[in-house]
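In the two assemblies presented below, subunit A is common to both, partnered first by subunit B and then by subunit C.
What follows is the complex of A and B.
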């Protein structure tokens, strides 16, 4: 009788029986007595008929096949979807794609009341697999079986390949053989995978659901950590895809709110002209005596910005104005310099121009009070006098904020979309339907 | 999870834009000074702007 592990919860005593291998004499434990069809001797790896009381040899090997120890030892018990199961069988299978052999592992789980279910593992990706309760429907309208439907859910064809069984251990509810071939077709609808296995004339459909390795480790109370998953698996749920639509909806809502905010401030801003004057710069005057102060003007209302606009009718010329906006009452000042320059002409490309005859600057967060400007203009002393106008407006909207806000909202949505697309491309690059490359790297 | 983070982030962006506009903030850089003497009003040349002596572009294409 099998090991000293406790009986399955709520279940009667499992039907287990100890026998001996007819080939090598090693002890064999039948954990699913009466339900297993094949059992493999752990010593000589002979495959035996579990239904036969004499354990007739179904397949034996001249040389010892290389063992491939299961990550979950046979006899381990765990709870999958609320039901206790015991690991009773293990097999390694493989497919060859473009001359490369890819291996995966399958574990046979057994519960005396619930029967069999399976765990499959490929490079750290796990699936909880059960035989389909009803026959999936292949849509005849879709060419070459590209779509399957199961319990009202549509599955996309992922891959069809010939799988071979390379190594077996424990008990199986079918007549397992090393070297047996099956045509396996997978359809995916993450986190589920629908698999069709065709062997001779027998077709078996199974449905799997992706399980993170840590869930398997927790279910079977395995020591250490589950092996790290490598790459993206065919039915691995994308951590991004469910977010994309909602993120873009949220982006649209935020962009609308930003637009409403902009309109609101545009309408609500006073844009109040508080100062206007035109001056002439006489370049004959020595530098250092050109500075002067304006009349006092009042900035009312709450603390808000002030726009200072300089306009000059320059042509292939410049004027630079040093400004200081000074609070007459507190002595607080904002010091800044602005240049107005405009150049134009003709060359072999035609007419060109650069610069502008107007310049605006926004002085931030200016409290209410009485202010004046200290102005110190500069210009090229080789040229004649130049006229310039100074305008001051109180409380103007700053459109750059909305541009920056829009970009700040847009960037995360683009990043999450890009990552989601990359994830799906990684998934499908391993399928029979790889995505076309984004960038054509072929050279002429 | 990301959706929640994005919602919070989006509201922060909107709040920052709204607050910046309301407080009259600006992206332009300038030098802010305290306690400029009242004598500047009568003698503007006594004030020394940090921006004077700027090297001007005199080119064109």
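What follows is the complex of A and C.
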């Protein structure tokens, strides 16, 4: 396009310009030359006008506030969202909530092509922050601004507080002052936080995204490990919330499969009667001699469940039967004891009953073969003879197994839901909208 | 397109207009502000040297906006109390004139829009909504800026300004509007914020220590 005319260019400019502090004479390095508005002298902590070639003093201090060294030293470069950025400024800010001062730190990052970004850090929780280009919308129908919408996503009000700037270092793209107050309102949609900062009449919106400390350490190649994050931060993504839907969907899928399986087995089960006999227990006989064996019966087909049902017409009485299901061919035995008892009567609440005249038990996975039962009944010796019936069926469906399976599926879903709820509760306990206690604890 | 060629009435240097509709240019050598007349160039003033460049963009930077290529042919530099910003004059490859603003490396492309009803400067109020071309814009900030300098070709005469007022209007999307009160009649520019990489800029100023 240009025909012969060279582009207008002066001598190449150094990326950092060396200047001196007008107060103490210490060297001042400008890393974001031309874009920084304020720069802080590292030696006397005077805040200087970075736009002024003479570096006019904007604010100076008689006493240097105790330094709070940045975790990422000024001048460090790191890759944020694929772009190199240099740490050029650092400030410590604080809010007071119920007489306690809470501190956090902000780092100014600069790239001469892409401009400014920020990192914020509070007790090991980091956020990658940029100024919003799109205007967030606060729903005017909600009276106290409890919700904000940004790029079609809804953010919940977390906290509004007056923040003050306590300590500054390096360069800033605005006129920074120690002691400056700003009203900060945070709206959260984990892992993002939408912040509104109002200083005099200027409103600045920024959007932050949670960044684990180790990612910051990796991005800036910092030595050692990032400090451990303390507690749950306002926009920290819940390790459970993403799982919660998945877990419940998996639960629904498995529960459905289980149900289909159960129906299938219910239909497919042969419920084949293989043995039926009625016996009398003569209680006059001394105990221990009542043991006897049944006739042999055959369990055909595949290995299957075997249901042994004991029925007795007891009334305010009981019978206890010790069983052994014995394989005639191999001698393998399954021992189990069952009780049939039934009680009923009347009391002030009316009629009542307890127990049942039938008892069923399922012996799982019994191979095919020839079997017999060894039976040893017991009963209250004060009563007369008692009749009882023993039924054996093979290939019966077992609902209890499905119930267990259902609980096995339900438990992790409940545990994850519970943990997710606890996580959200600890998140919101730090906000302007703490959750009400689940259990009423005594207050003093 | 033939490029109109003339010489600087002050120093005689060759002046080439890249854009046939340019009204004003600045002589690269003697910094004379030159206005095109029907027959010749007229010197109307001089501009001081601009402060050290802070923008990676410069005259002759090329790029793309949407499906249109552009080249940077001019610049207006403004300053206000919190810093400065550049309005880079773009010649789009469809012959239109556009603007790429660069405020602390926050980039936006906008175009002059005529025929809209515009509020007077005294009527402006932060938070007030305005509708143009079916879009609602909310006035976010009024900036009193002062004209710091010009460079290259511009679509109008613009060289001896003092303080001017700008009203910035934002939307829930990337679209924005600027009301420019530097003349008797306000001007409306409608545009959108853009990402640096989306502009696919070439021929950028080299910044030492950064690639």
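In this text, the second predicted complex is superposed on the first by the 412 of 444 C-alpha atoms of A that agree within 3 Å, B and C clash if a C-alpha of one lies under 4 Å from a C-alpha of the other, contacts with A are read in each partner's own complex, and residues count from 1 in each chain.
Convention: contacts are C-beta pairs under 8 Å (C-beta built on N, C-alpha and C of every residue); 3 or more make two chains touch, one makes a residue touch a chain.
Here the structure is a predicted model, which means the values were calculated and not measured.
**Student:** Does subunit B (first) or subunit C (second) touch A:35, or do both, or does neither?
**Tutor:** After superposition on chain A, A:35 lies in contact with subunit C alone.
**Student:** Is A:225 touching anything from subunit B or subunit C once the two structures are fitted on A? First, second, both or neither.
**Tutor:** Neither partner.
**Student:** Looking at A:200 after the superposition, I want to know if it touches subunit B, subunit C, both of them or none. Which is it: first, second, both, neither?
**Tutor:** neither
**Student:** Considering only touches as defined above, state whether A:280 meets subunit B (first), subunit C (second), both or neither.
**Tutor:** In the superposition, A:280 touches no partner, neither subunit B nor subunit C.
**Student:** See if subunit A has more residues touched by subunit B or by subunit C, and give me that chain.
**Tutor:** Tallying touched residues of subunit A, the top partner is B.
**Student:** Once the complexes are superposed, what residues of subunit A are shared between the subunit B interface and the subunit C interface?
**Tutor:** On subunit A, the subunit B and subunit C contacts do not overlap at all.
**Student:** If you look only at subunit A, which of its residues touch subunit C in the complex?
**Tutor:** Per the touch definition, subunit A meets subunit C at residues 1-5, 7-10, 12-16, 33-35, 37, 51, 84, 111-116, 131, 133-137, 149-151, 173-175, 201-203.
**Student:** Can you check the complex and tell me which residues of subunit B touch subunit A?
**Tutor:** 2-3, 6-7, 9-10, 13-14, 16-18, 20-38, 40-41, 44-45, 47, 49-52, 54, 56-61
**Student:** With touch defined as at the start, can you tell me which subunit A residues reach subunit B in the complex?
**Tutor:** Residues in contact with subunit B: 240, 243, 246-247, 250-251, 253-254, 257-258, 261, 265, 288-289, 291-293, 303-306, 316, 318, 320, 322-324, 326, 328, 331-337, 339, 341, 343-345, 347, 352, 354, 361-366, 372, 374, 376, 378, 380, 395, 397-398, 400-402, 404-405, 408-409, 412-413, 416.
**Student:** Would you mind writing out the residues of subunit C in touch with subunit A in their complex?
**Tutor:** Those residues of subunit C that touch subunit A are 3, 14, 16, 18, 28, 51-54, 56, 58-60, 62, 71, 81-84, 104-106, 126, 138, 140-141, 151, 170-174, 193, 196, 203-210.
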